[in-house]
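Each of the next two complexes has chain A plus one other chain: chain B in the first, chain C in the second.
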Partner chain A sequence: MPLDTSAYSLALLRVDGRRWNELRRIHAQIRTQAAADGSSYLEMGHTKVMCVVNGPSEPGPRRGATSGGGSGGGQSKNAEVAVNIVIAGFSSVDRKRRGRGDKHILELQSTISQALAASLHTHLFPHSTINISLHVLSQDGSLLAALINAATLACVDAGIPMTDYVAACTAGSTSTYAANDEGADPLLDMNHQEEQELPGLTVATLGDSDRVAVLVCESRVQVSRLEGMLAVGVDGCKQVREILDRVVREKGIKMIQEGTVERGVGLNDMELD
Partner chain B sequence: MPITILPPKAFRDQPPRHSLNHDSDDVMSDATSDSEDSDSQPGGVSLDGGATIHPRKRHRSGAGAAASSTFTKRPKTNAAINSIPRSAIVTPGERITTDPQWMRGHGTYLSSASLGEQAITSSLAGIVTRTNKLLSVRPLRARYTPEVGDLVVGRIVEVQAKRWRVDVGSTQLAALPLSAINLPGGILRKRTETDELQIRTFFAEGDLVVAEVQQLFQDGGAVLHTRSLKYGKLRNGVFMAVSGTGGGGGVVRSRRQVWTLESANNGGPIDVILGVNGYVWISKHVEPVVPEEAKGQTGITNLEEVVSATMYSSQNDRIEPETMREIARIRGVVTALVENGLRVDEDMVTKGYNEAVELALVSADGPEDVYLGGERGEQLAAALTAV
Partner chain C sequence: MPREAEPSANEKAFLLKALQDEQIRLDGREFDQYRPLELTFGDEYGVANVSLGKTKILAKASAEVTVPFADRPLDGIFTIATELSPMAAPHFEVNRPTETEVLLSRLLEKTVRRSGALDTESLCLVAGQKCWSVRVDVHVLSHDGNLTDAACFAVVAALRHFRKPDTSMENGVLTVYTPAEREPVPLGWLHSPFCVTWSFFGDEGETALLDADWMEEQVRVASVTISLNRHGEICQIAKLGGVPVEAVALLQCTSVALTKVKEFSTYLDGKLAEDAKRRDKGGFMAELRAENDRIVG
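What follows is the complex of A and B.
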């Protein structure tokens, strides 16, 4: 079903009733799987993903490697971030079968792996691997952004040191490339329908700063529109970061309340001396 | 209905989060948990601007920053549940201080706050702890980090020429050198080439061992030893993994990690080993068998000699069903403790076990009922926390 972009200029509302600068509902949980080191569940609108982090841990004996009592000096000094994405067959409207070597999934995996490897303090864990397993349960646009956010939350839950959250969201433009409309408004957080028709990009930033960690644009868009899209995207990332931060904080406070973790020195207490 | 929408300006000109927040706050407040909504915001929808919703205040990198408060203060919001301020925990990327008098410890890193100024920043979600002038962040949950002297339970995952590689739930495999075990035929014997060839007869892949951390490498790897009668191969019991020292409940470092518990219902004595790494071993207590001919000779060395002969056996002894049942009950107690976020140590397990025996007496299935999940577990935890 083609997206009726002509209606936007009348009421300035998008197909799902949002304005140009509104995020969809973001709901997130951490520590959803007791057996894993870290886990999270994240919904951005109808895009639903689940993440499980295992590690950092040293992989057991490698198959084919000679067990000659080597000191393992050949292994890297930094932890490797291995990302594995599974897209459930029922996640989208058309039941597409994606194989293991699907190029689209491989690209998502390497993008997330590189973005997280840059933020995580991998130098603290030599010869080890951080396994991030992502499961897509439902797709409605902004898939890469949702995956990055879920992976960040799960890494926080796993207690892996990191520079800052990597928060991601998407931004688009109100009219198609072909329309060549100079006055097109940028859009925040695109859903599936919008992603099909309109130009868009995924942007992830490092925490509160304006440092862009991931920028993926797979559609044609006039360069004059790009700046606006990017600005809206970066600002959206900051909102996403606050939401993720709140999820982590609430979980932490709940744990202190339950007595699982004893209270530390509050920052305000330290000021006394 | 005319709605004016301002075109986006260049990003630099915008004050941080203002143009977007107005309309999107009601969208975002959906994401807040129920507890926050129900506590402070009756409608569940916040109409305020970004300031109250986001209590994080950016550190001002002005000239007066060093002179005035050196800590990033966040106003205590009423959103915090039951008087625990949101500042009780820090999250990744949060500035802790820019004051140069503090040293940074684990869980923190230095980031450049402004020109020539370094800020100690948290890299974990956790709580700030202070040791004199050292600031560190203890994570809410993390993998076990070995320390010298820790008693750990581990599983052999790899056999190499002169050592074993042991999974102790840490970020790296621990090493157990052949020279650090009690070799059969006398204590403190030098290892020989024959021992090297027979390395699999001592420990093979999949075996469980209880050991002590002897030494740490620079990169955090641990070296174990089992040079005591307390340590060695584990038999006659059940293994379970809970979260260890380092975050979020589970086993805590305490005075005694190993003890023998006299069980109820004719179960006999049961050994419980709580590895600091969160691996737990619960087994039937077996007195070391001293053969008749060795009884006459005295001396501790002889005892060691005799015991070490059976030390590396993988054969279980006969275990009575009553003992098995009580082992299962203790296991249920530990699981219930972990599920309800209580610490696991000698005191709690012993108390919990006694409580579980009482619970079983009043249950419909009688003392044979070892189920401690769900409501039973909560009941058990409630009884323990009430004392």
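What follows is the complex of A and C.
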């Protein structure tokens, strides 16, 4: 029989053996697709996502050239951030067919698009579109967080100017809403099983600050728990940001060493080890 | 595809300047003040007409007997259908959901359905064969901002006002009684969640307003919708992107939201009691009376 999350109070260990404040292993790569402007691959535990960014590019000739209408990029002063998410059928245990109009996916797309639009300097690219396409290969909780992190990395790789990293992670609370247990511990980075059984939320913050770009909570939880969960989540986002930053820097150093890119001006004194 | 008409640059600048320099909203409300909220019930059970300033929403609950889903034989079916028709604003089209509509229906879904406000198990009649399917249709009659809060209030009001026909099971025969035979019964209701939406203004989202109207919604840089019930349980929080806002400010927003939700809850309870009194014909004896209420000329 699998362990369930109620065993936490016995040893203060979670179902996968982590403590309350431990992230799962995050492994990330950037520039995985040579053809794209920017790309990334990210694993948070067993959640695996791939991201490809194309753009900013001006839209091609429209079908049925009746201009004047048309949504987004074409007319506006800011670049449009268009996000497309594909959840692979084999990504979770039960193979679920999701149509094109699935509201959950549409909501995720709009969230990611608006979160990144606030960090990317979209005003530099009027009348153009930044296409972000995300592929979910495997799901084990914290899906939205993984998608945001992957999209951020791919945008960095694409070289689109942005204020700072948008880093995301999830936080939960050890007891369900029914048990009005004041001593409930907050948990960092929930996996699928914890997401099913415990209340939780997804937070994304901008860079090092405490400023929250995305906050999504979809479960019932006492209002008094929110503060603890949010604090742990924001702290987790800072850890995630460090990890993402390290990935970008390591890739940069590697590219300089391989001679793929020129060493930039003022980087001569930088340690390349 | 028609696009939403944007307010002019002057209007936007005026609104922002008033807000940031003078701390005044265009309609003179306090930052944490709702527009006047009005609720009226229809003659039928389950019809709620909500107006929040110029935003008007009609919600109608209905029930029918159907076959439950195969994977949930013990649960009834509960759906919320939102429709933004061209009547509300010219850029809404029928059968082509805009982003507003998708997000609105997801929010209502998460707030009312996933938080378990309606006891769907009580809708089951015969396990795996017959159950009630409760459906709420949300019609936006007039759109002047803050559809979420108004729609959520309308849905909860309609469901709590709704009565479904009484049923009985005898020797494997299911009987559904007409309202004339037996008084209809209310739904199994567990808690009443309400949405409270904050809108943020300024470069860092430092100004927070409650109940933004359409004009303010066009200018805002971020928004967060918090759903709570009066017991202080969060049912859902959605800050879907937008300019980042300090975490502490979000916590403050939540605690103010809780007081607003308690006000909504009291207001709805009052209205429901008022309506019940209006419908009450004076109990069983009065209903059995043979005389009609004749107009004495």
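Note that the second predicted complex is superposed on the first by the 251 of 273 C-alpha atoms of A that agree within 3 Å, B and C clash if a C-alpha of one lies under 4 Å from a C-alpha of the other, contacts with A are read in each partner's own complex, and residues count from 1 in each chain.
Going forward, a residue touches a chain if its C-beta (ideal position, glycine included) is under 8 Å from a C-beta of that chain, and two chains touch if they have at least 3 such contacts.
Model, not experiment: these values are computed from the prediction.
In the model built by aligning both structures on chain A, chain B fits alongside chain C without clashing. In the overlay built on the shared chain, the residue A:E58 is in contact with chain B alone; chain C does not reach it.
Comparing chain B with chain C, more residues of chain A are touched by B.
Look at A:L230: by the touch rule set out above, it reaches both chain B and chain C. In the superposition on chain A, contact of A:L10 is made with neither chain B nor chain C. Contacts of A:V93 after superposition on the shared chain: neither chain B nor chain C is touched. In the overlay built on the shared chain, the residue A:N21 is in contact with chain B alone; chain C does not reach it. By the touch criterion stated above, A:V216 is placed in contact with chain C alone, chain B being left untouched. After the chain A superposition, the centres of chain B and chain C are separated by 130° when viewed from the C-alpha centre of chain A, nearest 10. Applying the stated contact rule after C-alpha superposition, one finds that A:A117 touches chain C and leaves chain B untouched.
Applying the stated contact rule after C-alpha superposition, one finds that A:R246 touches chain B and leaves chain C untouched. Using the contact criterion defined above for the overlaid structures, shared-chain residue A:V156 touches chain B, although it does not reach chain C. Nearest C-alpha atoms belonging to chain B and chain C sit 9 Å apart in the superposition, given in whole angstrom. Chain A uses residues 69, 206, 210, 227, 230-231, 234 to touch chain B in one structure and chain C in the other. In the complex of the two chains, the chain A residues touching chain C come out as 69-71, 101, 103-104, 106-107, 110-118, 177, 201, 205-206, 209-224, 226-227, 230-231, 234. Residue ranges of chain C in contact with chain A, taken from their complex: 1-3, 97, 99, 102-103, 105-106, 109-110, 114-116, 204-205, 221-222, 224, 228, 232-248, 250-251, 254-255, 258. Every residue of chain B that touches chain A in the complex is listed here, in rising order: 1, 3, 5, 7-11, 14, 16-17, 19-21, 23-24, 27-28, 30-33, 35-36, 53-54, 56, 58, 69, 71-74, 80-82, 84-93, 96-97, 107, 109, 111, 123-130, 138-143, 157-163, 165, 167, 170-173, 219-220, 246-249, 341-342. Considering their complex, residues 11-12, 18-28, 31, 37-38, 55-58, 60-61, 67-69, 79, 121, 124-128, 156-165, 183, 185-186, 188, 206-208, 210, 227-228, 230-232, 234-236, 238-239, 242-243, 245-268, 270-271 of chain A touch chain B.
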